[in-house]
Structure formats: structure tokens, C-alpha cells
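Going in written order, the chains are labelled A, B, C and D, and every chain counts its residues from 1.
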Amino acid sequence: MKQTAILLLHCPDKQGIITEITKFITDNNGNIIYLDQYVDHVEEHFFMRVEWTLEKFLVPAEKLEEYIRTLYAQRYDMQFSLYFGNKKPRMALFVSKMNHCLYDLLARYQAGELNVDIPCIVSNHEDLRPVADQFGIPYYVWKIEKDWSNKREVEQAEMELLKEKQVTFIVLARYMQIISDEMIKAYPNKIINIHHSFLPAFIGAKPYHQAYQRGVKIIGATSHYVTADLDAGPIIEQDVVRITHKDTPETLVLKGKDLEKIVLSRAVQKHVERKILTYKNKTIIFS
Amino acid sequence: MKQTAILLLHCPDKQGIITEITKFITDNNGNIIYLDQYVDHVEEHFFMRVEWTLEKFLVPAEKLEEYIRTLYAQRYDMQFSLYFGNKKPRMALFVSKMNHCLYDLLARYQAGELNVDIPCIVSNHEDLRPVADQFGIPYYVWKIEKDWSNKREVEQAEMELLKEKQVTFIVLARYMQIISDEMIKAYPNKIINIHHSFLPAFIGAKPYHQAYQRGVKIIGATSHYVTADLDAGPIIEQDVVRITHKDTPETLVLKGKDLEKIVLSRAVQKHVERKILTYKNKTIIFS
Amino acid sequence: MKQTAILLLHCPDKQGIITEITKFITDNNGNIIYLDQYVDHVEEHFFMRVEWTLEKFLVPAEKLEEYIRTLYAQRYDMQFSLYFGNKKPRMALFVSKMNHCLYDLLARYQAGELNVDIPCIVSNHEDLRPVADQFGIPYYVWKIEKDWSNKREVEQAEMELLKEKQVTFIVLARYMQIISDEMIKAYPNKIINIHHSFLPAFIGAKPYHQAYQRGVKIIGATSHYVTADLDAGPIIEQDVVRITHKDTPETLVLKGKDLEKIVLSRAVQKHVERKILTYKNKTIIFS
Amino acid sequence: MKQTAILLLHCPDKQGIITEITKFITDNNGNIIYLDQYVDHVEEHFFMRVEWTLEKFLVPAEKLEEYIRTLYAQRYDMQFSLYFGNKKPRMALFVSKMNHCLYDLLARYQAGELNVDIPCIVSNHEDLRPVADQFGIPYYVWKIEKDWSNKREVEQAEMELLKEKQVTFIVLARYMQIISDEMIKAYPNKIINIHHSFLPAFIGAKPYHQAYQRGVKIIGATSHYVTADLDAGPIIEQDVVRITHKDTPETLVLKGKDLEKIVLSRAVQKHVERKILTYKNKTIIFS
């Protein structure tokens, strides 16, 4: 893996930004290996992802964030994130009882396709501990009472674990619990959920049953960042599959599972590659 | 075109129905050239489409409906429709200003792909008269006042025309007007609409703008039978296309138009082939 | 699980077959819970799948095959297969080094979605033994020499195992070896392979590299029954995914893996449900 | 429409190109409204599309090509094309007897969705003259003898017409004739064809019949630039549709027509927007 810097930024659109940023990189001996930008002409807002090699770069890695803030972020009213290609994101998986998304992500991880560390799997049930054991990943269970009487307490414990494990993002791999606002605020645009419908259709519980009731001819799955509004966060990825009148709620669940795992893993992959920018409840996804 | 009878039926599921119907046809020298059936095990309801040749059939065509009603419909509490393969459906097209669905349907008609007669095109605007003229189809315009003061009067005139022209079904090819309950009742499951979203997402006006606002990654189009509930009738066909953050409401409209015309024409084709049964606000679509 | 009989048959198209078969079932107190038929009007050939309950059926299960052969197969020049719903197919998995198809199938199996027994996993490499162990399935390795000097010997040993384990069908889950004609003959239309291209494009080795070279905009995967002709057997299922000029052979491999596992598992599911008929190197797939 | 310059370029990948080009534009008071670039790391080749406003640009439009050639193309061993946003491409349509692609393109043109001029439609048959007349576009017919005895003569006449009409690119909208190498050389990467298969599967004649014979479960259509090798030119766009065993060659033709017109129009749209670069028989398609 080459040592690279990845800069994701957005700011009000102005002339000259691309030129300045690319000049900064080139002048300091960085070789740009990826550049993509996008102007939202409705919002007049500018978005950019640029990645460059650090081998001969004249600005030291540890100073880079400061330089970008000082030289550009202030001047252009810019939001930015800086990542380093050789530093893996640390992903926590939250699961309940269903195994399909978990197996899918872990099989990719095991095959070396997902460039992350997975320091922990968290659940409210014991069911999937054997899967975690198969892959040698620590599995933590906190049961949540039906009346939510211990919900706050459990989340505190979970957040301590996440902190201790230096988790950088969370994937809800069919975790059937609602996340509190406090936890969402602690991980803004860093909690990825998979919802088993083509959002915004069929928000909430039992979307396959809703789809069956409505008699749709296509079902979908949606991966999104979790926000305080249920199933209303920025959408990362969606996909669909064709169904017929012969499908029952049960066969929809089966067909949907294949969608869910593929859609979730695509979203996770994009997040891991630092190719997602979020702005006004929408995602910009660089290719 | 062979002379055939097409029987579409549904009733509570009971043993022996298929056997009885097929025996009736075979015993009377009909050759079954199509049979598809489906049991909804949730509703315990039975659906069937059967088509057979009439050349040597012992029951005269004009007596067939009576025989089926007497021999089977009563006994099995059956709803049925009987069609004859050599009698074309007569389709009225309702349009406003956009030409894409109209051209698409008329080009298919002209190429001999759509086995219908088109006795009239109805509009609330003059805009598409040249298209109707190109294809030699009578074009009727009734302007509807913005305050709907003449809405009832216009619909009366339209319904007289439809009657006079012996129209058997209506296609709303991006007709931007709401159809009154009276007209819907006169053509139950015989008015096909194209809605420019993936229903039930984005019901109502400006679905592409709604999709843009929500930041979805896929847009859709839905063809359905018109019922008294806006955009809530039985869905016939849906399809989707992938979009990105680069799309604006304007490009969504363009991408959507391609969906709309394809989805509408598929639905019309299925209706024309008498392959659709409707039950409890859902469609059973035989293949 | 209800006790049912499943009859798959095909024969030259003649009048009255459906009537006779359904009458036979109804007369003997069977309740038809599934019937689908299809007439190939080009070949004038008839195909049918019918499933009925055996609870009160007057013909004993062990006599059923004989009765169908005597009463119908002779008369109609019919090929047929008879299965019983309560008797699970026994699936052997053949794998090499890649884990994605294996994990996908085993996770479905573990979740109770795949109605099979899996008595053994066979490989030419040790690599995936830990996966087999995770799921508690016996794993057998026979290394095949590069010069194929022991190929025949290995296949003999494998076939003995399959016999001993009463395997009814084989799934090549990215098994990177060619199967000999002898073994194919022993399992006609009972060996399912996944080829990582949209057949018939890119037959043979390294299809993703071929796709990259050609510059296609969509890649695919194809599941098919194995015949003596390489990658030319009856196609069961295909699917595709969109790619761009940005994709490299490596990213094609990653995108393709998701296709492969989904396409293979759909094919396996259809086979397990006894919904596939094969005729003249094509499949009829009942829905 | 804003006055803009569009620069498409490619060259061996070197550090600093983006910086230089964007600096050139910004320094001369151009506002970049679109920039996309791509590095092919296999070929180590760089591709870029940049568009900027010309209102206050200091280099006069008529000098721009010269400046780019002198300042950059030489130095970087660069191939480039320069277009102006307010100058419409001029498209010639070649057709035979089928109307679906023609109607589709003309309906878009009439609706203002296709930013081209269409100075002529060329055919080897009279059949589609009425369609051309409907849209008021001159229609030219040269019949080609079955023995091709007048092929060269006809192409000479056609090329004179194209020259006279200042045609910049040609669309073969199901034109059932082979184009000679001479004509291809005169319009390199400027002749767009639609092939009715998922290339490279089913090259040559009657691809739907080939697909039917092979028993595929998905059919496709491919739009590509025409080169001397039949059906082997750079692919611009592909799409597919699912089929079943119930489809006949005739229904494949019908389903395929919908694909053909959509795939062709997407390719034409991309070409018209100057978003396609061609390199080593592949296309880079900017989004």
C-alpha cells in the first residue's frame, strides 16, 4: 500500500479552488493519483476528493491538516476531512439474530477485500456469537430490556467499548434496535444502517409486509447514514429486485436478504475508501 | 390470427377446478394453447388464465359466456372475463403536452406490435394534435378551466365520445388531470396511468423533485390501474434507473421519461393480451 | 412440511394431457397445490410441473412412479421425474480456494433457507477446510497433479464418496477444475457450475480479463448445468452489473464475486425446489 | 446557453497536468464549470474533460486551439479535441425499415432534449420517408443492389451529401448495411451503431435468434463506434433485459427493440455532450 493523503472537502463554489489545491500538491512534490470534483449548481456548492502520494511530499504528514486549515479552509469557508491511505478505518459491527449481512461482511474481510480492522461485534443477543468465534472477533452482548429500562446504561457501556477499541465507524448489520440521539451525535455520518426497503417507501417496521400489502412489482434495500430521524438519513446506496404476484412475505424476506447484504457491503466499501461526502442530508459519492 | 377464447377467472380455492375447466374444454374439442394458474395461499384464492382454439369447439362462441356462468361460476363463486382472440381491444389515449409516451405507443401501434384499435386521442391542450395527425388518429380537445368549473361537463362529453367510439380501455399517457370517480367507476380496472415515481414513494405532484430532495440513488416509474385513491390503484408494472448526486431535477425528468414510456407500454401490452387479473387492489400478471 | 408429490414431465404436445393428469390427481383425492405448464410452440413440445398433497391420496407413494409410467408416460412418449416434498436433495459442494460462494451457500443453509442436506465438501486444496469446520461439514481433499496424472484416480475416489454419501446433485462453487465426461454422465443435469461471465461471452479462462480487454460496460455471471462442452451447458440463471472505464481487472473480480454468489445460489435454490426442466440444452424454469 | 469551451484530452500520465490546465483557465479568467479526469493506472495514461465559461476569457475563442496545441499538446504528447458549447453537432441518421430507433431519436429532438441539428436522414429504402416527413427532415434514398455492384457509388453520393450538410457525426439507427472502410476512415469514432446483442456475445447476423438458440436468460443491446472490424468497435453503452424460456425469437425482437432505442439514445446523448474519449478501442465516458 502506497502512503497517500486523501482530502475530502466542500465549500461554496468559487473560481480557482481546483487550481489552488492542485498547485499546492504539485508544488510540494505530491503526485495526484485521484481527483474528482463536483459542483452542485443548484446549491452553488463545490465538492472535491483528491488523493496524492506522500513519499516525497514536502509538507510532513502530521502538519498537513494544519496547513490545509490555515491556507485554504479559512479562506474558502471549507469543510474538510483528511485521511491517510495506510491507516485503516476501525469498524464495529452491531447485529441481532440474522446472519446474512454479518457473514457477507466477514467473508469479504477474511478474503482481504475490505480494508478495515474489526475490533468488535456488538449484539443484544447471543445468537451470532458462534459466527464471531469462527472469524476470531470478540463478541459483546448487552441485552436490552423490552421496556428499555436499561437502554441508556447499555449504550453507555457500548460507547465505552467503542472508545476503548478506537472504533471509527459503526455498521448496523440488521441490528434491530433504535440508536439513541446521543450515540448518533457521537458518530455523525459514521453509523451505516441497512433498511430493507426502497426508501422512502415503506419506512419503519416490517417493510416486506408493507410491500406485499401494496402489491409492488419491485422491492429494494437502502443503506444510509443514521440520523435522528428514523430511516431518513443520507442515502448511500440502493438496489432493487423484481418480484411477482407469486411472492409471499416469506419469499420477499429471502429475496430481500440478498439485496440487503450486497447493498450494505457496497456502502461500507465506499465509506472505507473515503469516497463519500455528506451535505444537507444527501451523499456525494465519488467513483 | 387463430380464433381463440381467453378465459380469466378467480374464485375461492377448491379442489378440482383446474380439472373441471380443462375437461370442459377438451371434451368439447378445444385445444388448450395456454394455461396458467396461481393459488394465493394467504388468501386461499384461485386464479387462472386459459386460452383455447375455437375452430372445432362444440359450444358456439356466443353461448360460451352463458355456459361458463351456468356450469362453473355459480358453483365455484367465480368471477370471470371471457375474451376472443380475434376481437381487438379499443384504446383511447389521454394526453396533455408531453409527447414521449404518445410517440412510443403510436410507433409500436404503427409497427404492428400493439394489437389494438385506437379510435381517438383526447387532450386538454392542442399541443399534440400534430402527432395525432402524423398517425392519422382523430384528436379531440376539451380545455378544462383552472377552477374546474367545466370539469363535469368536459368529462360528460369525453364519456360520450368513448361510448360512441366503443372504447374498451383508456391509457393516460402523461395526462396531467385527475379523473373523476364517476369516470373511474365507468371503466373499472380499465384506465391505465403512468406515475413518474417508484410508488408508493413520492405520491402526488412533482415526484422527480421529491426524489431530488430526498437524495435517492434510484428513480422509478409505476404503471397502475386508476382507482378513486390517487396513485394507490393496483400496480401493473414498475421499473427503475440508477441516478447519482450529479443529477438535477431536470436530468431526472429526462431519465425518467425513458422509464415512463417503457413501463407504460409494458403495462398496456399486458392489458391488451388479457394477461392481468385484479384482486384486492393487486394484480396477478400471467406471463 | 406437507407430504407432497412433485411431478415434472415433458412430451410432444398433444390435446388433453393437462386434463388427464389433473383428473388423475383429483380423482385419487390429491389436492393440486401447484400447477404450471408451458408449450414450446416452436418445438411443439409440452412441459409441466404439478405438485399435490399425498395425505389422502389413494395411490401409495411407492407405487406412484409405476402408475405414471404405465398410465401416461408410455402413451404420451413422456419423460418425467417424480420427487417427494419431504425428501431433501443431498448436495455436494466442490470448491478450490475462493470462499465467497461457499460462505454464501453455507450461510443460507445454516439460516434454514436452503432445503438440502450437505453431506460433504470436496476440494483439491486445504484452504477452505476451516470454513467447512465452522459449519461442521466433512471436508475431503484430493490434490490433483498439474499434469493430471492422477485425475482419473481422484475422480474415482470422489465418485465413490458421492455414492456413499448418497449425493443427488453437485455444486461447483468456483471449483477451478474441469470435470471429466465420465463424471458428467453419472450426474446428468445434476452438476451446477457458476461461470464468471455473461455466457456465451467470454468462455474459458479469465473472463474478467477478457471483459476488461474488450471494454464492455456490463459484466455478468452465469449458472449452468455442466455438459461435456465447456461452458456450453443449459443456462439456469444469469445476472449482470454495470461497470465503467474506471474498473480494472481487480475491481471486476470484486464486483463479479457478488454476482457469482447470488446467481449460483438462485440456481441452486431452483434446482432444490425441483423447478427446472431441461430440454435440448435449454432450461424451462417454473416460477 | 452559456458560451463555454469544452476540452477533451488524453496523454501519458505525468505529474502536474491538471494543475497546469486549470491554472491556464483560471489565470485567463475562465470559470471552470466541469472537470473530470481519470488515470488509467494499467496503461499509465491520463484523460481529462474540462469545461469553462468564455464570457471574460482572455484568449479569443478562435485562437484557443492553437494556444492549447502550442502550450500543452506538444509538451505532454497530448491528443485533444476542443468544442464550443454553443455550436451544435450535426447528426445524420441512417435507417432501413425499422422505425423504433428513428422515432425515439426524433421525438427527443422534437422535445428539445437532444442538442443537435439533423440536416438529413439517409436510407436504402423508401419505407421511413413518412416519418422523416412528419418531422420535416429531408430524406434521401439510395438503393443498394444485392450484389453490391453500386455500393461504392452510393457511398460516394452519401459522403458528398454529408459533406454538403456539414455533418459531424452519423448514427446508424438500425441501418442494416455494412459501412465501407473508406467511409469509416472519414468519420473516425464519429459513426455510432446499435447492435442488438450484448456484445461480444452474438456478433453478426440475427443475434436474437442466436440468443434463443443458446437459451440465455438475459438479452442485451450494445451501442458502439463503428470500426473496420464488424461489431468490434469501442463500446459506448450497453443494457440488458431479463427473458424466460417462454420467449420466442419474435418476443425477443420486441423486447430487444426497447433496449435498442434506449441504449442508442443514451450513447448519442453522451456523444452530443462531448463526454466520450476513445483510447485503444475502449471508451472513457465522463459523467
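Note that a contact is a pair of C-beta atoms (placed from the backbone, for glycine too) under 8 Å apart; a residue touches a chain by one contact, two chains touch by 3 or more.
Note that the coordinates shown come from a computational prediction; the quantities given were computed from them, not determined experimentally.
Common neighbours of subunit A and subunit B, listed by label, are C, D. With centres computed as the average of Cα coordinates, no chain lies farther from subunit A than B. For the pairs B-D and C-D, the count of C-beta pairs in contact is higher at C-D. Note: centroid distance subunit B to subunit D, computed from Cα atoms, is 36 Å. Subunit C and subunit D have Cα centroids lying 42 Å from one another. Residues of subunit D in contact with at least two other chains: 41, 244, 246, 287.
Only residues 15-16, 18-19, 22-23, 25-26, 31-37, 39, 41, 242, 287 of subunit A touch subunit D when the two sit together in their complex. Per the touch definition, subunit C reaches subunit A in the complex via residues 98-100, 103-104, 107-108, 110-111, 113, 134, 244, 246, 254, 257-258, 262, 265, 287. Every residue of subunit B that touches subunit A in the complex is listed here, in rising order: 38, 40-42, 198-202, 214-218, 220, 234-240, 244-246, 248, 281-285.
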